[in-house]
Amino acid sequence: MAMKSSSARKERQVTLADIPRVGPGTPAGEWLRKYWLALSTAEELYDIPKAVKVLGEELVLFRDLHGRLGLVGLHCPHRGTSLEYGDVEENGIRCPYHGWLFDVSGQCLEQPAEPKDSVFCQKVKHLSYPVQELGGLIFAYLGPQPAPPLPRYSCLVDRGGMRQIEPVRTNDYNWFNFFENSADPCHICILHRHTGYGEQSWGDQFFSYTDMPDFDFVETDYGFKVVMTKPGPSAGTEFVDTMSLALPCIIQVGDTEFVHAKVDAVKLMTEGSHCDHVLFLTPNDDEHFTIFTVNYYTGSDPNFFEKLKALRATEVPKEAVKEYDRRKYMPFKGNVRQEDIMSQSTQGLLGEREERLATSDKGVIMFRRIIRDAIAAAQKGQRPKGVLPREKSAAVVFFDSFTGVRKAAPR
Amino acid sequence: MAMKSSSARKERQVTLADIPRVGPGTPAGEWLRKYWLALSTAEELYDIPKAVKVLGEELVLFRDLHGRLGLVGLHCPHRGTSLEYGDVEENGIRCPYHGWLFDVSGQCLEQPAEPKDSVFCQKVKHLSYPVQELGGLIFAYLGPQPAPPLPRYSCLVDRGGMRQIEPVRTNDYNWFNFFENSADPCHICILHRHTGYGEQSWGDQFFSYTDMPDFDFVETDYGFKVVMTKPGPSAGTEFVDTMSLALPCIIQVGDTEFVHAKVDAVKLMTEGSHCDHVLFLTPNDDEHFTIFTVNYYTGSDPNFFEKLKALRATEVPKEAVKEYDRRKYMPFKGNVRQEDIMSQSTQGLLGEREERLATSDKGVIMFRRIIRDAIAAAQKGQRPKGVLPREKSAAVVFFDSFTGVRKAAPR
Amino acid sequence: MAMKSSSARKERQVTLADIPRVGPGTPAGEWLRKYWLALSTAEELYDIPKAVKVLGEELVLFRDLHGRLGLVGLHCPHRGTSLEYGDVEENGIRCPYHGWLFDVSGQCLEQPAEPKDSVFCQKVKHLSYPVQELGGLIFAYLGPQPAPPLPRYSCLVDRGGMRQIEPVRTNDYNWFNFFENSADPCHICILHRHTGYGEQSWGDQFFSYTDMPDFDFVETDYGFKVVMTKPGPSAGTEFVDTMSLALPCIIQVGDTEFVHAKVDAVKLMTEGSHCDHVLFLTPNDDEHFTIFTVNYYTGSDPNFFEKLKALRATEVPKEAVKEYDRRKYMPFKGNVRQEDIMSQSTQGLLGEREERLATSDKGVIMFRRIIRDAIAAAQKGQRPKGVLPREKSAAVVFFDSFTGVRKAAPR
């Protein structure tokens, strides 16, 4: 009876308030533990231990001198000292307090103060999670075994283009405010109108405040897709821009060249975009998340990333801040990332804040339903959307973003 | 039965511990919501939204381009983004995230991402409170409708004198420690003896540490009055100084010229004081309150405020702070406001701290009783002291402070 | 029945989780209240009140102008203002708010605002604890009367040597992590191997990482002793180093000259150490403790303390901190005190953290048992270890540390 009651509790209806909470034992926390999550860029993992917080768990990431990646509990199982201050050695990480050495699997290998014939260290296995590197990002899997395959995300698997990984960013608000913002394309025309989206050279000013595109929302096998269209440059054509949201927490934006590069619109339009801009989110806890940003370029310009960087450097907030203005997030207008931080960090937690949703929240409503279904699937022991079956482990995972001109769909 | 039980709970005996707590649903919070409270000076409300916290509620104050004052909930009712970052427009305030526009009544006027024929915005009414400006201060009423009249406080209603509003001060302790401090006149002779009260030129050194005045306490229609007397300059006369405490949270000090200006005592004594020094307190939450200070002068010196300012500038703490002295509130002696902050901020919360009250706390005891009666009246749905009946809305509200020499009262 | 139940609760089994919690009413808090605890050095108690937190209680320490020491509750019993801002006078401390004067026993002597014939002050007795000065340290007793004698600790009672009291240190983690660290001698060979323990000139490199001494642990009348031995310089001798842990919270290290001074090993070895290094710990609350450090030297070098200070000044962390290393406690290697802070402050609270104890934790296990027994004894109303019986109040209390060469014990 107790079992049944416990099971009933566990499989209760998933609510909006469940989505933002990621700690161990929470519905969304258990769901997120079904996926590989990005932890660090390979570049930012140095020759010292790196403390990381993932889904509310305190861990330490390191690479032993053989190059093997390890992710183990932050506190030494012996007497609790932080392994963040440990020595990285040939075969693992050594606690500074009593010298216990752990390999990347968490197995204790040495205990220098124990008698020489002691076998106690063989019995000590520290908390450890599998880690894999792919295309410059380091991923971990915090869920129950067996781990699913780490998807071979197209932007991380070399296919002849150029890849750039941006410096990691961490924000101090709930990860889902950021994620669902991408299921809400009309905010681009409104919040970001100051960034020049409406004034750029792309076609008919696609993201105009006064003439917004049509928005359509599609559930996909990997998650969710936003499709934005406007009449094209010639009869029977339409401009298309898509954005993909892949479970559990990946965003692929397809229109980098149009939005940011602002170069030769006609040529770009006929070719489509050559640059995927992909954001891997990792919730640290309910109040912090980290963004790992990958740009993958397959066009012909060998200096594309330099140009992109130079263009972004010009996107600073344009506002003159008045002398009496002491507001925390000022200035923000004129920089997409600061506009997002201002609007998302002040929202509060989904399920706690009051809301009045409207027609234009259609994408958000649909996306939340997809997330709740995935959480419910995880609760039932089913494979949630975005978790690869083992037989597909070799496939490259594409999110079918498209940006360009196509033959108009019938309306 | 549930109703009766709920009602019984609501009308339980008001305790001392109820007084300092101001949040929604608390006895004192509901009582304070029966009054207009000061929010800002008109001067410090600029052309940008101003976030304010009042009685634990997060709100945003603004003035639309027609000059209308609005006070609405801080978070947009749509998806929660802070309206502190909104654009102030001709007809209201516009949320930065999706552009919803609200007028000063909270009515939603525009939703730019909704279909052009949508009437949804007509159904969205954001939290909003009435606001009024009077004599350079902006007041709001956070209670149930109908709102009582905003009292025409004499210091704010022009009657031929000069008015000065000081820069706003916010302190980080409970508001009631500050308020009841004024019902306790003997602290002036003790805590403030370092400020020169006992050494000034006024008459016989009215607030002497070793020869304190007589204190009397009177309940009034507006609240409470402290009457301090000493034998006067000639037989059959007495010096009188009064201080008024008006509900819910106003203090009027009548002796500004004597205490601070320290000019020609004989002349002043025969004429009485010409300057009201009035403090409007607003509890932000249980740990913070804001002080709005109004000086109203009706004397003949056209440079009175300049002189007062110059004199106050000299009232800095006179203590030499020793090199090993790391105490937080040092130095304080020699400046009334810093002396008050030191002594009140370290008291802790009324009802939580232990106390041993003495004869000299007679005023405090009586004043707390008056406040508890007012809270109880509010609980019973009666009109608490200090709330004006509608038929008196046109009257100027005087607090009958008097400072000067009068015929001695019989003893 | 209620009594019995309450008593049963009070005398429940003492657990590891009880040890670190020191507030009033906790098992360890009540146990610690059976002892005199150090509060301040005499040198750092100036002519102003000193706020101190001891076992979770907020107090203020002062010395009246007659030189009498007082320790009273931080908040004035009248209306709660902090006596930290009081005036120290001939006969006590005077509250700044209403001038109540308290003597060192907490007796109220004056209430200047009360009627001249009032006797109310006689009825007001503020919280007060006994205080005593011994050898440059100020101790207080916070427990029930009668207070036991303040032990005449040998390092504080002049017997012809030189005494030095170091500047006081306060750390922000639980006191017991620091205390039990001394019951764990193998950490010296491991954590502190970077400080040069293994490379110094003392005999056969006593604290070698690769050839650790033998450790033995002895329960004593004052608490606990760690005995560390290695084969001596000639047949039939052994090097001995001992460390004493006296209840409730005193550590005596005997090897100062060997470890720190690194001078003429042979001469020192034959003579034994002449310097006691004694640490008196005082828990401020569960997250902070203060260390009072006494060095007592009985050797022949008149410049010993100057040399010791000069040597310590060289013990700075030797690590080159990499440019990308942002870890909080970096650098630490090369300075015993910073190595200790790094390892102990990251452990978390005993009883909350997970642990896997090993053979080398034998001392820690035994020491925790001694502490739990002492707490249990205090619960039962018995005299816990380290509390002196009154008849021994005149005796000098030695902790029998010994460091040097002795005839080898039989093995």
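Which chain is which? They are A, B and C, in the order written, and residues in each are numbered from 1.
In this section, a contact is a pair of C-beta atoms (placed from the backbone, for glycine too) under 8 Å apart; a residue touches a chain by one contact, two chains touch by 3 or more.
Just so you know, these numbers come straight off a predicted model, no measurement behind them.
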What rotation angle takes the CA atoms of chain B onto those of chain C? Round to the nearest 5 degrees.
120
Looking at where chain A touches chain B, is over half of the residue numbers used by both copies, so same, or under half, so different?
different
Could you give the separation in Å between the centres of chain A and chain B, each centre being the mean of its C-alpha atoms?
49
Residue ranges of chain A touching at least 2 other chains are none
Residue ranges of chain B touching chain C (in the complex, touch as defined)
184, 186-187, 189-191, 209, 212, 322, 324-325, 327, 329-330, 332, 339, 342-344, 346-348, 353-361, 364
In their complex, what parts of chain C are in touch with chain B?
46-48, 51, 75, 77-82, 84-85, 96-99, 111-115, 118, 120, 124
